[in-house]
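I have placed the structure first, in the form of structure tokens, so that the comments after it can refer back to it.
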Amino acid sequence: MQVEDRKEGDVLVVKVLNKRLDAQAANDFKEKMTEYINNGSPLIVLNMSDVDFVDSSGLGAMVSVLKLSGGDGQLAVCGTTERVARMFKLTRMNKVFSMFEEESEAIDALSQ
Amino acid sequence: MQVEDRKEGDVLVVKVLNKRLDAQAANDFKEKMTEYINNGSPLIVLNMSDVDFVDSSGLGAMVSVLKLSGGDGQLAVCGTTERVARMFKLTRMNKVFSMFEEESEAIDALSQ
Amino acid sequence: MQIEDRKERYKRIKLVIASNLEDVSLIGIVINKLCSSIPLSDTDSYQIELCVVEAVNNSIEHAYGNEKGHEVEVIFTLYPDRLIVDVCDTGKPMDQECMEQKDVSPLEIDSNDLDNIAEQGRGLPIIKAIMDSMTYKTQSGKNCLTLKKNIWS
Amino acid sequence: MQIEDRKERYKRIKLVIASNLEDVSLIGIVINKLCSSIPLSDTDSYQIELCVVEAVNNSIEHAYGNEKGHEVEVIFTLYPDRLIVDVCDTGKPMDQECMEQKDVSPLEIDSNDLDNIAEQGRGLPIIKAIMDSMTYKTQSGKNCLTLKKNIWS
């Protein structure tokens, strides 16, 4: 599980570099994100533009991170590929996560 | 094994529609081509532009057809994809068959 | 695979991995490619990949309890009008209850009630939502989840 | 597949088809995709696909004499620095001679002497020309041709 991070004002932008957020990557993803949250980054934009596969374990890990972060005022998701967006729709996760096409929109939304 | 044929002057242009000219298709290919030759089409252009895989059985079938047709004054090959052209080179078949990029060049060459 | 006359035309390939989550992506990549070369659309191929990956994960996590060194078999059979994928293991069989309860409804949620949104339990509902049928059978120590998708061509 | 500790990191998937030429293209498509997702170049992926298809055809045609109802196994193992593909059957073993004679030289031909250009016998020479090594072993009724390709990454 590889991620890349940078600060934009108060917002931490975390880009997932793995192509697959699946059962193998889920735990590692959860641990990495938990570390960010525990290290005092309450506002996080998750850039998923490199991820082209998410399964129910990956989704579960994202839900767990969302809970830990304190909800969708604290965590926003951007750049999901079409197939991943479809998976979010199927599982109603598009209503649970704040989702944006562009990273800049997601940063703006959390910065307000 | 599917082919499409049409006449251009004295030349019969045969286009292979299968994507694979492999061990499964080889015999059928040989039979179809033999029929063309026996039915009095001595000048044949074989358009391979739809074929993206040829194995040694497919190649063997082509050699057998070339022999039956009477040699490379009678049979020309055109439109091989890059990967198939590479396979012809590896097996020196680029020196055995008259090969052309464009169908029109192959037709011209046999029409002379 | 049994010896059989092919009365009905089909193509078949069996994929086998060890019960190791690291290798599941290989199954996913292969199933996706097999579907797209039928050809199915990118969306259909991805969705079938997802279902097969969910089923394989379940075999590893639930049937084998994440114990390494077992095998998960995926048998891909393409008929003229339908695709059948069997996902088989030799671990602990699934309770029939799990199959029956898992209707499409568990995907419905109250998106305002974050605390009550589950982190698990979406595998079988996803499969039910995407495939045309899903059946489960245990026979002489081998458990197979059979997924069917009709193909309109 | 044996139970084993993964001391050296690798990914492995086994592909199985019946001894039926109709299903060989499935193996080809899958091997090509697995290679391109390593990632290898299109050319390398195609060439490895070609080698594996040649080996599978040989198992069906020579080891099983085109008799249906047997199995051909292809085991794809990706190590950090090399790719190993085993193609296995339980048919008639190959003469060691066939392996040894088939140097790259049979691909050399006199292109002016059409009558003497062979219609067969290019499978093993093609494999030898493309792969970094090719070995053949028979053990307790199972014959495996092992192909190795080094990976530069």
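For reference, chains read A, B, C and D in written order, and residue numbers begin at 1 within each chain.
The rule is simple: contacts are C-beta pairs under 8 Å (C-beta built on N, C-alpha and C of every residue); 3 or more make two chains touch, one makes a residue touch a chain.
What you see is a predicted model; the values in this text were computed from it and never measured.
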Legend entry - Chain of greatest Cα-centre distance to chain A: B
Inset, instruction - With chain centres taken as the means of their Cα atoms, state the distance from chain B to chain D in Å. - result: 26
Legend entry - Distance from the mean Cα position of chain B to that of chain A, given in whole angstrom: 54
Legend entry - Rounded Å distance, chain A centre to chain D centre (Cα mean): 42
Inset, instruction - Would you give the residues of chain B that are in contact with at least 2 other chains, written as numbers and ranges? - result: none
Inset, instruction - Would you please write down the residue numbers of chain D that are in contact with two or more other chains? - result: 22
Legend entry - Pairs of chains satisfying the touch condition: A-C, B-D, C-D
Legend entry - Interfacial residue positions of chain D with respect to chain C in the complex: 1, 3-4, 6, 11-18, 20, 22-23, 26-27, 29-30, 33-34, 37, 68-69, 71, 76
Inset, instruction - Could you pull out which chain A residues touch chain C in their complex? - result: 20, 22-24, 53, 55-57, 59-61, 63-64, 66-67, 71-72, 82-83, 86-87, 90-92, 95-96
Legend entry - Residues of chain C that touch chain A when the two form their complex: 21-22, 24-25, 28, 42-43, 46-47, 49-50, 53-54, 57, 60-61, 107-109, 111, 114-115, 117-120, 122-123, 126, 129-130
